[in-house]
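What follows is a set of structures to go through.
Below, subunit A partners subunit B and then partners subunit C, in two separate complexes.
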Partner chain A sequence: MQTITLKLKEAVRSGIAAVPVEVDALTPDQLFGKNEAELKAVKVWWGNREENTGDLFDVSVEGDAGNAEEVKIVFEGDLTRVKRIGDGMKAGEIEARGDVDMRCGAMMEGGKIVVKGNANCWAGREMRGGELIIEGDAEDNLCAMYRGEDKGMTGGKVTVNGNAGELVGQYMAGGEILIKGNADRLAGLNMRGGKITIESDAQWPGSDMTGGEIVVKGETEMTPSFKFVETATVDGVEYKKYLGDLAMGEKKAKGTLHVK
Partner chain B sequence: MVEITDVVCSLCGCVCDDIVLEVENNKVVKVKRGACSVGKSKLLGHERIKSPMIRENGELKECSYDEAIKKSAEILYKSRRPLLYGWSSTVCEADKVGVELTEDLGAVMDNTASVCHGPSVLAIQDVGLPSCTLGEVKNRADLVIYWGANPAQAHANHMKRYSYVSKGYWTAEGKKGKKLVVVDVRKTMTAKMADVFVQVEQGQDYPVFSALRAILQGHEDVVPDKVGGVPKEQLLELANMVKEAKFVMTFFGMGVTHTGARHNNIVNAIQFTRAAHLHTKASIMPLRGHYNVAGINQVCTWETGFPFAIEMARGYAWYNPGELSATDLLYRGDCDAAMIIASDPGAHFPGESLKHLAKIPVIQIDPYANPTTEFADVVIPVAVSGIEAEGNVYRMDNIPIRLRKILDTDYLPDEEILERILTEVRALREKEGE
Partner chain C sequence: MADELLIRNGVVYDPINGVKGEKKDICIRDGKVVDSVTNPKVIDAEGRVVMPGGVDIHAHIAGGKVNAGRIMRPEDERKGVEPKTKVCRAQSGYSVPNTFATGYRYARMGYTFVMEAAMPPLAARHTHEEMIDIPILDNAALPLIDNNWMTMEYVKSGDMDLLAAYMAWIIKATKGFGVKIVNPGGTEAWAWGKNCDLNDSVPYFDVTPAEIIKGLAVANEKFDMPHSIHVHTNMLGHPGNFEVTKDTYDLVKGVKASKDRQVIHTTHTQFHSYGGTNWGNFESKADAIADYINQNDHATIDIGSVILGDTTTMTADGPMEYSLYQITGRKWTNHDVELETGSGITPFLYSGKVSVHTIQWAIGQELALLVKDPWKVALTTDHPNAGPFIGYPIIISHLMSKKRRDESAEDMHKAIFDRAALPSIDREYDLNEIAIITRGMTAKALGLHEHGKGHLGVGADADVAIYDMSPEERDAGKIQKAFLNTKYTIKAGEIVVKDGEVVATPPGRTIFVTPECDDKLTDEMMVTLKDKFAKYYSVTLNNYPVQDAYLPNPYEIKAPWRS
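Right after this comes the complex of A and B.
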């Protein structure tokens, strides 16, 4: 097992503006096999310029890895302007110690990311596999699609211990999302597959859904175009089962919404 | 005195092109016909920025065009993340140079759509837009719906020229043969003219659209007695009006793009238009604000593939409103310099975003002084497009119209200023490379 620790230098955050650093080049699969000097020379984008990882982060390496699965990257320091942590990662593990910026775990295919704080918008965007755990809150567009795409998350598992913003799993086609707190407006909008569980409240979940399943355990403000089917039991708890969204027409309304 | 006909108004997205002016001694002395009161005020002219200026020790000091352009290039070239914002109140030719400058600098480029109909653009990317031209509306529409919009006060010529009041080929009786529906949170001036006024609760447009769609799809049984503050009977009445009309035209404004579900309100409005197609012909169009906001979306799209909120930092275009839109970028404090052209964020942006804009170096390119001037570090006055400079613009229905030059001026047009800044930026890069 190898642990690569990348601590953002304070100087990066000391300017007049908070220009974000994009770290999509720093995933376990891309860093596997590099020694410390090589790691420090990996280029990352900071605004419109490419910089050496070693100039923006304090880098330390411990242990050895036989493959990318055995590589763990720990991000430290102020990560609120560090974008694309684990973007496109295929294997290994990332731990982000603090609040992270946008697109954490976007396009992720495998491995595991743990965010020990909040995640800004588009975490898990179009995620395909692997696991993403956000210990704090997630902002808008969690596991949604890129603008104009017709598929959001297609696989993998996401857990948010806090609340989630708007449009959780928009255009979701597969995979699982668990929100332990509330989900803001329109969770599962245009969803066609997969499952979203919201342990607290939700507003207008499942609008325009054509497939998949949403379970809301708290209060639900319903979209007015769902059809009540029956009282159903999920994991031993009784729910009202609705089919929808009938605004899409009867043929397409194949989504299931379980509410209290 | 000379009378000039067919003058094109460069104020709002209506781009009225039938204005008659009187000009004497290189000055517009009278607007005889065609313009609304707001357009008239612009055509008659008002106080201008007299000279280029650079801020020194907190005071704006007059300087030459050369000095202001050089200073602008230095600010932009030095920046790690410059924001180039505005672009809607100038012509497409200038916008095109703006895209080139964005690419050269690796900048973020955004236009006023992002605080206006940007949400509509997002919706169109999700579900398309069954739309038409304003000419088609004038000649065919017998049911006009204004949703979250108040054209009687904001687009004063719109109803007269293109919709409810206008007389067309199949609408020869004008408003006598038409129905007007207004959906809004309050009884606006437009709502007072309406046959049916639907008062929706603030932020509740989304479920109202969903309910109307379900009814038009034949599922009125699932719709509850009241949706978003609107009684079910009124929703059924509105759905019936849609079914009975020959041509339904929905126009929408900021009342739906910036409340509640925002861009998904527009997705739902477009889907409502589609559901109406099960019964009749229907079309939908955003009421665009600035006269060329549709044009900058066109230029950005054909140059970069995307209409607004674009970043070129990595040498290719990345598009993401919410991440790269000017208000968000400034709110987060993400950019370290800004160039503001043909718009006034000082008057329109949220306070938190402006706080950052006031902190970083700002270049302003505009004919008129406005709240943005108060914190700009370089101010470059320009010719007024459509009065002192010509060029192409796109009307709200994406019809290109050429603005005319009516008066002579010593002010340089936007396009030339931008080209000169770009040349200076390239010279700085070459110098550094040596």
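Right after this comes the complex of A and C.
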């Protein structure tokens, strides 16, 4: 097992403008096999400039790894302007100690990311596989597709211990999302596969859905275009089961919405 | 000192001048081809294929509908992102590339002229603004004149002289090139939620599409117009529509062309060569269309060949786009242009696993292979409707290689073997024929060969493509690669592409036609037109015509009145 610790230098965050750092080049699969000098030379974008990782982060390496799965990257320091943590990662583990900026775990295919704080928008965007755990809140567009795409998350598992913003899992086609707090408006918009579980409240979940399943355990403000089917039991709890969204036409309304 | 260039020892294909792969030098001075040069910069083209700059007869590259496609498809823009370089602006887009990418990518394929095939007159300024922003390429645009209330009223009253006066006015007012017809009557009917077959009556106007087409053909030939009417026939994309297409050719068979050229050009004919009665028994009727073209000399076609993959369909044919949207369920939009026309846009994926798409893919190539005389057929993909223009080299490699076609067919839906003719066709295009369908024929059909386009005779524009391949090359993959990125593209005597990279981005010219109509006729027509503007248009007549400022590099072709 190898642990690579990358601590953002204070100087990077102390400029007048909070210029973001994009770290999609710093995933376990891309860093595996690099020695410390090579690690420090990996290029990352800081605003419109390409910089060496070693110039923006304090780098330390402990242990050895036999493959990418055995590589763990720990991000430390003020990460509120560090974007694309684990973007496209295929294997290994990332731990982000603090609040992270946009697109954490975007396009992720495998491995595991743990965020020990809040995640800004687009966390898990179009995620394909792997696991993303956000211990705080997630802002809007969690696991959603980018503007214009017709496929959002297709695989993997996402857990948010706090609340989530709007449009959780937009155009979701597969995988699982668990929100332990509330989900803001339109969770599962245009969803056609996969499962979203919201342990607290949700507003207008499943609008325009044509497939997949949403379970809301708290209060639900529903759109009127869902059809009540029956009372159903999920994990030993009784829910009202609805099918929808009929706004997409009766034939396409094959999404399932379980509410209290 | 004069700016001179000598392209030495290339194997030249210049079909308009009858040059079929001869080792020749091309001399260039001040942007034109000349007899000899004295102190030139020399390009050694030893053993490489040299052709005139490509001339695209039909593509959607500028204007409101193209831009709506870009806005509607951010995911398509992300597909083609290329950062700026020392000479190039930033590029984006695949099926609807931004204006810069459009210019660079065409130039890299050796093209130097592109016809924007559908300009809504009211949106002419937007179209010209985008054409200004497209680097390198010379261009022109065809205004849509067929679903126009003025046109339909004159067709109804039968007054062909006044129709010609209106046609002349709208081409002048839009700085357009010729007459574009798109689903005549059908786009207007779409405003009533309907569509029109060739002999249906257009709601309210009480004329038929057949009468509109014939009327505009007659009006067009009253002038010395460089191009014939340019027609997207009715019932695009409907199974069994090949009869409509043939009937459309017959409509104008008796009309006499004012110049030595066709009287009708039908575009993206692949979409109009369908047999069957539904999607289940859908089949190719390319043979029937090709037979007609072979037996008659008044009609030319471009193929509108399919490129497999995702694209963005966009046309002034609103009802067709709506039908397509109903099939795919993907996003769509449509647009109404006041008294003139409309449009629709929806993304579409052509898949080789789907029987209908496979047959469509075959039909475009069948048309090119079954029409015997390449001077009657042009290579297009109706960019971006059947696929983006960047796919032209794929089609060229298929037309030139039976082996390549067979390999592709193997991976596709088996319907290609019993409901299309392509697998049974052995013909292979040679480079001379490719040069015809990509520059010679297109320049001639547009009348641009008289204005220096599509050939390398003395006095022609010094637009030259040098492909990094030997004329003996038979490997389809290498042919495709060579046609995608030239060794050199020369535009008006300037090297704009070298080794597949854009090295200079001079602005192109906009070519426009001025039909010269009798003042008395124009005055009489203007009485009716002024009334239309006063009653119905959202702009005033004075604010309507495109000002000269929208054509910073204009090239005018005058079209005198003939009869």
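The rule we apply is simple: the second predicted complex is superposed on the first by the 260 of 260 C-alpha atoms of A that agree within 3 Å, B and C clash if a C-alpha of one lies under 4 Å from a C-alpha of the other, contacts with A are read in each partner's own complex, and residues count from 1 in each chain.
Keep this in mind: contacts are C-beta pairs under 8 Å (C-beta built on N, C-alpha and C of every residue); 3 or more make two chains touch, one makes a residue touch a chain.
What you see is a predicted model, and the numbers here were worked out from it, not measured in a lab.
Asks: Superpose on subunit A as described above, then tell me if subunit B and subunit C fit or clash.
Replies: Subunit B/subunit C on subunit A - steric clash.
Asks: Please indicate which partner A:147 is in contact with in the superposed arrangement: first for subunit B, second for subunit C, both, or neither.
Replies: both
Asks: Under the stated touch criterion, which partner chain does A:245 make contact with: subunit B (first), subunit C (second), both, or neither?
Replies: first
Asks: Of the two partners subunit B and subunit C, indicate the one touching more residues belonging to subunit A.
Replies: So, of the two partners, B touches more residues of subunit A.
Asks: Which partner does A:219 contact after superposing on A: first (subunit B), second (subunit C), both, neither?
Replies: After superposition on chain A, A:219 lies in contact with neither partner.
Asks: When the complexes are fitted on the C-alpha atoms of A, one of 205-213, 331-339, 349-357 or 493-501 in subunit C overlaps subunit B. Which is it?
Replies: 331-339
Asks: Which subunit A residues contact subunit B in one complex and subunit C in the other?
Replies: In subunit A, residues 146-148 are touched by subunit B and also by subunit C.
Asks: Under the definition above, what is the set of subunit C residues touching subunit A in their complex?
Replies: Touch list, subunit C to subunit A: 72-78, 329-331.
Asks: Help me check something: in the complex, which residues belonging to subunit A touch subunit B?
Replies: 15-20, 45-49, 81, 102, 121-122, 140-141, 146-148, 167, 185-186, 189-190, 204, 207-208, 223-228, 245-250
Asks: How about subunit B: which of its residues touch subunit A in the complex?
Replies: Per the stated touch rule, the residues are 79-82, 105-107, 122, 125-126, 206-207, 209-211, 213-214, 217-219, 222-224, 227, 260-261, 264, 267-268, 271, 275, 312-314, 319-323, 332-336, 356, 359-360.
Asks: Any idea which subunit A residues touch subunit C in the complex?
Replies: For this pair, the touching residues of subunit A are 146-150, 252.
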